[in-house]
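Listed next: structures, encoded as structure tokens.
First chain A sits with chain B, and in the next complex the same chain sits with chain C.
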Partner chain A sequence: MNAITAEKMVLALIGGVTFLIVALLFSILGVMLAKGLPAMHSGFLFDASRDFGRSGGIFYQLTGTLMLMAVAVLWSLPVALGSVLFQTEYLGAGKFKNLLTQLTYILNATPTILFGLVGYIFFGVYLDAGVSWVTGSLILAVMILPTLQVSIREAVEALPEKYRETGMALGLSRPTQIWRIILPQSFYGMVTGVLLGLARAAGETAAIMFTATTFSGIQFPQLFSDPVPTLQTHILVLAQEAANPESIAQAWGAGLVLLGLVFLLTLAAWAFRTRMVMESEL
Partner chain B sequence: MKADFSGLGIRHVEPVGWVFAVMNFIFLLCAVGLGLFLVVESVPVLRSEGWGFWLGENWWVGETFGALPMICGSLIVTGLAIFLVLPVALSGALFTSEYLSSSIRRRVKGVMELLAGVPGIIYGLLGVSFLTAGVKDVLNLLDGNTLFTAGFLLAIMILPMVLTLSEDALHSVPSEFREASESLGLTKLQTALRVVLPQSLPGIVGAVLLGVGRAMGETIAVMLVIGSLDRVPGFNFFVSGQTIPSKLGREAAEALGSGLHWSALMGLGLTLFVMVAVLTFSGNLFIKRSSQ
Partner chain C sequence: MIQFKNFSASFGGRKILQELTFSLPANSITSIIGASGSGKTTLLRALCRMNDRIENFRVGGSILVDGMDVCRPDTDVYALRRKVGLIFQKPCVFPKSIIDNVVFGIREKITKKDYPDLAEKVLREVFLWEEVKDRLEEKATTLSQGQQQRLTLARTLAVEPEVLLMDEPTSSLDPKSTAAIEKLVQSLKNRHTILWVTHQHDQAQSIADRVLVIEKGQVLPLSAPIVRLVKPFTKAG
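Now for the complex of A and B:
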């Protein structure tokens, strides 16, 4: 066997492996569709679940998930925006800035269940919010903080230096520069960050399963101290009733909805990111 | 009065700037508070168990708390995932970076990045429905909920992330290196294996470390397929086990907020946090070095 045949064989091997990877990942999507679509009877999205999740729809679970992630972004966005602007506009390069960047990375990689544990102690016990949707949204807010920060920072740092110089040459004060130049120009980055943050919050289960959610008993929270049903917890509980085919079927339906939600948000984020790159190249 | 922050590298700050400074302080509090709370809350269990917390084999609520089964489980499951994912991800990255045309490459990367965001609960559902039964039948076991099942599921889960990050590292090798190597008469594969791969090794190591970090911290998917049995597993990977996050996921709701049991869970959390922080820190260090 000469070197060229050997090379062709290796090439065929790694090419085949690559094909298998892509096929495996598409088959995951295929399975989700094949298993999830049969559960989608008319009104699956708009009916309340009945009989401990075995029949009915997922309306309140869906609203719970949407509510938690939206409120989390409301908490998180001002902090992310403020801290990034402080770090890029007010803080010179140095050890403190590097430390803050490292903290963002570490926060980003922290196992999500730890946000649940510590968040429960801080928000739930010390701030007395208990097991409630408020605690859950605060925990998710801390969890998605690095996601928002990274996107916003990328957008702010991608601004051409001449924009700032022009602002300075016009004698704009720094707050005016931020308000008139930096914020409008990095708007798409902010939107990308928000969408990616929403996607991350929507997919999270571990951090909220014992701090914010309930499986049954509550439909839509009436008080700040009420827990909330979510798609994630719904799937988690139903998935553990493997012996019961009705539960599993409902779990697949809810899973497909959740996956669709996450994909939609991610794709929308990418659309805005492309927009941002195009604008900065003008 | 003008405050002097020159030591921290802060420039002159207007009133609006103070708002940003407060936001930054909140971020700092979140990050530092996370670590601090884990330490403070695990003091009671460390005081009562001492080093035995990490060395003890028994976790009996109300009597003794030993974390060794969970630590071993975490290391085994993560090790298995890396062992399974590495050859596959590297082949895929090499092929995608060196052989695919740029439009197909971009599509493959897009699919990978989309899949990197699939929630853990979805993998958990797939694992419960297919993987546990598959492992049970293929390997002829009594129970499909094993350390191996969890490692396999994690391997699939971190595959897109490891692949796309190592592909970034391979692709960032300047094309002059490839041209020089091919002009010396090396074939494309030889170039890929002997020139591009060694050049991008730090980036690949970084990608793998970040993947390990993600695998080590995954809760839901692992919790559903590992069998949740606390014991030091030895070298048989085809038995039920427990990882740190799966233990936390199973027991956090019972212990909620008080007592030695909660403190023991926080101790487990602290252990996990330190392990993942070290992995992430070194992973980022490698990636940074490779991109310079």
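Now for the complex of A and C:
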């Protein structure tokens, strides 16, 4: 077997695997669309659910999900940004900094159910905060923290060293340096990080199930201690009523909306990342 | 007036500069020449504490700027860097407008309505005003390399440093831009103490009041070691 046939075989293998992945993705999309679209009636997104979710829309589940995600990012962003700036601007290169970096990679790879469990034990059991949207958003915040931290840090580290040095040589103080050089020059990278964090938050379900959400009877939380309905819980509960075709149809519809949400966020993240690459090539 | 007293610098135990003692008179141009890797950049960066972020960088002895030792840990490095401006070998402008670049170092200290006057003043000082006066809002990255280098000089002058450290400022420029910068430095010397690093021997002699040679970690006056300097790599090690 000569080098060219070997190369052809490798190419065929890579092509085959790629095709498989793409086919899988499209078949999931296809099934979601085929099953979910029939549930989409005119008011699906903007009506409250009725009859225990068997009819009506998913308005409060959707707003609940969006709210949990947004609040989670709100908690998480300052912590992520602060720790990134501490790492990149205040710590000199050294063993401690490398250790921190490795730690965040490990955290990022940790199965999120473990975060959920720890969060549940801490907030739900130890602090006895009960089932509420605040608890849920805090746990979500902890879960997406590594994602945010890593993508923001990568954006900040992608900033060419010469900008930092130029700012230093002009006598800018560290806070000025951060405000005027680091943050603006890595802005698009940060937005990408936030969007990916949001997308991840939308995907995390297991942990908030026990801590933040209820299935029905609640619309929009009025108090900090109120639970909140979410798309994820909605889908899970409806899907368990396998005998009832109306419930199943509604579950597919909600699933399609959730998928669309994640898809949109990822798309936006990608668009911003492209933008960032263009900025840094100036 | 800048005085080096028994000044040494090393990276992780590797001595780059050893026991330097010499001084730079105020309001004059001193040129330092030396082969690549001889420690010219290290010397300049130590003078404005730019190596603070490098973990294994160590210094010994002292550098006095106006009688103050810049090596002390309690030195106000931000004030020091405003007093001792460093111009890099490669011009680095921010992807912003020309005028934003000029005022970058002192935006916090003046009001927005003073930007145009200040910009005109320093851009005239670096002989760039006529070339850019109609395009101050354009991106600075659209300027040529030589124009960018003069812009970085204007940006540093806007901070009003007493000392200017120039690290091979013309090495990435064509002869015309080089001549422009050399001429410009002559016009700055009556108000600034200038330290100009280069590895071009003839350039050093034509612009400087005094030429120093840096070799094997030592700084010497030009006279004696000139022969060794011209062919620094003929002897191994």
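Going forward, the second predicted complex is superposed on the first by the 258 of 282 C-alpha atoms of A that agree within 3 Å, B and C clash if a C-alpha of one lies under 4 Å from a C-alpha of the other, contacts with A are read in each partner's own complex, and residues count from 1 in each chain.
Following the convention adopted for this analysis, a contact is a pair of C-beta atoms (placed from the backbone, for glycine too) under 8 Å apart; a residue touches a chain by one contact, two chains touch by 3 or more.
Please read these numbers as outputs of a predicted model, since none were measured by experiment.
With chain A as the common reference, chain B sits beside chain C without any clash. In the superposed model, A:Thr266 makes contact with chain B only, not with chain C. Looking at the shared chain after the overlay, A:Gly94 reaches both chain B and chain C.
Our angle of interest has its tip at the CA centre of chain A and reaches the CA centres of chain B and chain C; in the overlay it is 100°, to the nearest 10. Contacts of A:Ser173 after superposition: both chain B and chain C are touched.
Judged by the touch definition given at the top, the superposed model places A:Tyr163 against chain C, while chain B stays out of reach.
For chain A, the partner that touches more of its residues is B, with chain B and chain C as the two candidates. In the superposed model, A:Val22 lies in contact with chain B only, and not with chain C.
With the two structures overlaid on their shared chain A, chain B and chain C come no closer than 7 Å at the level of C-alpha atoms. Annotation: chain A residues 92-94, 173 touch chain B in one complex and chain C in the other.
Chain C meets chain A in the complex at residues 48, 50, 52-55, 78-82, 85-86, 88, 90, 92, 94-95, 104-105, 107-108, 139, 141, 152, 155-156, 159.
Here chain A touches chain C in the complex through residues 92-94, 162-163, 165-173, 176, 180-181, 279, 282, going by the rule given at the top. Within the complex, the chain A residues that touch chain B are 3-4, 7, 10-11, 13-15, 17-18, 21-22, 24-26, 28, 31-32, 35, 78-83, 85-87, 89-97, 100, 102-107, 109-118, 120-122, 124-125, 131, 142, 145, 149, 173-175, 178, 199-200, 202-206, 209-210, 232, 235-236, 239-240, 242, 248, 251-252, 255, 258-259, 262-263, 266-267, 270.
Chain B contributes residues 8-11, 13-14, 16-17, 19-24, 26-28, 30-34, 37-38, 41, 88, 91-92, 94-96, 99, 108, 110-112, 114-115, 117-122, 124-126, 128-130, 156, 159-160, 163, 187-190, 210, 213-214, 216-220, 224, 245, 248-249, 252-253, 256-257, 265-266, 269, 272-273, 276-277, 279-281, 284 to its touches with chain A in the complex.
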